[in-house]
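Below you'll find a set of structures to go through.
Below, chain A partners chain B and then partners chain C, in two separate complexes.
Up next is the complex of A and B:
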């Protein structure tokens, strides 16, 4: 029995690695290898170097990284605020109203992000809303794109929230605003946190809408990677990509650390 | 200051489904009123109407002299404890208990003492720093009660507070609740339960509910000794309900004359005679009923006998002191009961 289940376990792991490695890990491994190389003509890369990284964490790339981080942070905070607000408001609405809001916040997910980018570009290219050419248009587009995800995950969490907590608080004399800050939001914190991570990661990787909107002084990292590889600097681009990946993962890790502390049961 | 609760023909409906039908009930200041009834009879709905979580379709709710029908829950000044405790999982015990005080902006300097007092009262003082998830069910319920008491409500609403606890713990908590009420004689308590023992033990008066309606209301003794309806008789305690015909000086049950107080009921009317099983004796005596034993249950200190009597083979339950020799099934026996132990239930109230 024990042996049987042990073989079973091994088989599961083998299958997992056979599927997982080629599908997910190998492309990432290739990038990682490429980022440490100068040539790749045969089956394996050659000319091991760390110089690509020297460039990737300096000058233009460093600025692009900061740009990306600031954009993602701002977009996540804004999206979380608006998304949670809308989700809380929708929860208080009647069935029809909630469905309408749900549909509205589905739009940015359903519509291709190029279209969202174009829409933002057209809408904000004339006064009185002249944002074109500023960093704000990039942040705005990212916010629109990720708010949908924030709305959806917070909405789902509100549905799961047992109304008895709210009622217990109200019976103790707490006004709705007090209940919101002291009971509902703290109980929603794990979901808000997860939503924040999701928004951040999505914004860090956003390329298609950003391409149509970014001004010269606000070039996020994915655009930098794209232009680098487009110019033919594959290895430098790989190093920047690894930096992007690493930074995003680090932030997500930090966010999930906070989540573990904030979950109660 | 103490204040009671008053329902004035309160009706509640969900869509077309009427779940509370014109309830009229008054809980006097300082009184413990039990709302007793089977599941789905509208007890929780009545309690939620007092708390403000359902809006009555018609009628008014008063707390003290104040009409609270239109007030939001947070302005009603009630304490509430529900079956699932509803302790805030992200707050420590002491912060749970302090929640109502902070929400109502009680003077900050006063809060620690009042939290300590409430925890002391429920015996949870040593658990102040714990989180709800670190407590057992019974302990969580104590904290929930402490939290409701900390705001010093005039009215305490309890919705099946003991039903999530095991039997042993339940009887302990029942005694605790009785003690709490002795310590807080001014607090009016509305206690929702489907358990007749809880209602009989704790309540000054019991309101019996069935099918969205108030069926009966009275002190436990009144309801137990002199029930007015068949439903009350069978739900508050155990009862033999015998279909009888009112005669001149007693009633006729399946051809047998029984001498009981007919309370002026019209001669010839059909009625129901209620006799509590533990007041039925075995052997010859007044109001003798002859029959055969169809089932015997040994319950430790008592034997419950099911005896089929008369032509109609009506089942009569008798709880008798433990018998030396267990009666044999099919044995012919005689049961009897004293005239004053039988209650004639009003003609025409049958149906449930």
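Up next is the complex of A and C:
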């Protein structure tokens, strides 16, 4: 307790909410409100409508939603596979090797996403790998960008793992593969699950690399929102943005439900 | 079979899909139009006014946003942790949710609030009867700065809240019972404990601000060009790949250098 007087406390809270509400709550509220309006040129929006949502779940917007979901799902699964494989392999290495692998797999976080997009575009537009213009190039870029986060969270979880379990299993004669499959991976399940949620959310909102790469027939939601707002349809764009936020939240919620169940087992 | 063999497949995949493309970008940045190795693209880009302007804009925007995030994040986290109020848990939860949304949504919201026909200007013209409102900063670097501070402050708050939860509150009680005023407790007890988290959070935000693209793109301002924006416009709008690669290499050098520093700092302080 830092402030003891009653007036001091209230003053602190008032300042807190004067900063917090306009900066963080208002933007999300404004997008939500705008998605239900047709016009906004005063203090309050006008022309309440659900028409924006009608457009947001039809035609090209619906296609963008499925595109985003498929991309995020594929990128998360690939990133989790490679990220946790690398993290498990790194944990078995000596200190220098582990540090090198850490640096290598965290590098995509430091490199600007736009540059990752440019690099992938340059490399996979020329033989021997021709992926430009296909959906695979978008999925590939998303995978590269989110693998770092999968690697980081699985790595952190491995450090916290109690080595007693695997030692006990190994001393009872379990082979390394059996220990990995029946002891280590089940213990890592909660953090794998959290990493999956993180990867999915990041991929759903990815715009920078996608803008460099997307083919006309594989346009994810963030690009769709940009093209809508760029041609002036701010209200339709807001509805699509709400769909994006809602879908992300739903998936995160579902993932955390699975996690609670898994940790009770 | 030695253990390092298991590390080979993921490293090989990463090398193919990430390191090889990066190497190609570097190679292309050293290739002149005629196809031979030269520094000509660097000379051209460094000489151009647009590049120098983008570089300064990027750096001062990132520095300004980082300072803003650190100050704002410190104050907000301080209140949540040490002047607890009902619903404080919900606010912390909200911040976690906020982090999972893409950055450009903030700019989209700001368009409604401060845009030329937005809320703030609408209220102003309604009250004063003036022909147009006073808020035109959205398409200037200040609009980008506001959006970046809004979006990245939670990234500072999260490590800070974790660090604050480690502080023994009895230390604060002791300091207070010895007669220390609130500001003195913040300065001499809380701030030293929070420094590692502030350093780590600040470095992370600095790198993310240098790399930010969505916020600048959505602002749609011709006046605000940052390095990532320049990479995009050179490559996609002008199809000038050597120039885009040069800007990309500069951007990588700045960001990776800073990120390396962040890793060293955060490992040293154990955050």
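Methods note: the second predicted complex is superposed on the first by the 243 of 265 C-alpha atoms of A that agree within 3 Å, B and C clash if a C-alpha of one lies under 4 Å from a C-alpha of the other, contacts with A are read in each partner's own complex, and residues count from 1 in each chain.
Criterion: contacts are C-beta pairs under 8 Å (C-beta built on N, C-alpha and C of every residue); 3 or more make two chains touch, one makes a residue touch a chain.
For clarity, every value in this text was computed on a predicted model and none was experimentally measured.
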item: Contacts of A:23 with chain B and chain C, given as first, second, both or neither; value: second
item: Contacts of A:183 with chain B and chain C, given as first, second, both or neither; value: first
item: Contacts of A:174 with chain B and chain C, given as first, second, both or neither; value: first
item: First (chain B), second (chain C), both or neither touched by A:54; value: neither
item: Partner chain in contact with A:164 - chain B first, chain C second, else both or neither; value: first
item: A:246 touches, of chain B and chain C: first, second, both or neither?; value: neither
item: Residues of chain A touched, compared between chain B and chain C (which is higher); value: C
item: Residues of chain C that touch chain A when the two form their complex; value: 3-4, 6-7, 9-11, 13-14, 17-18, 20-22, 24-25, 28, 72, 75-76, 78-80, 82-85, 91, 94-95, 97-98, 100-106, 108-113, 117-119, 122-123, 126, 149-150, 153-154, 169, 172-173, 176, 182, 185-186, 207, 210-211, 213-214, 217-218, 220, 227-228, 231-232, 235-236, 241, 244-245, 248, 251-252, 255-256, 258-260, 263
item: List of chain A residues in touch with chain C within their complex; value: 1-4, 8-9, 12-13, 15-16, 19-20, 23-28, 30-31, 34, 40-43, 82, 85-86, 88-90, 92-93, 97, 101, 103-116, 118-124, 140, 143-144, 147, 198, 201-202, 204-208, 211-212, 222, 225-226, 229-230, 234, 237-238, 241, 244-245, 248-249, 252
item: Parts of chain A lying in touch with chain B, wherever the complex brings them together; value: 162, 164-165, 167-176, 178, 182-183, 186-187, 189, 264-265
item: Residues on chain B engaged by chain A in the complex (per definition of touch); value: 51-53, 72-80, 82, 84, 86-90, 99-100, 102-104, 131, 133, 147-148, 151, 157
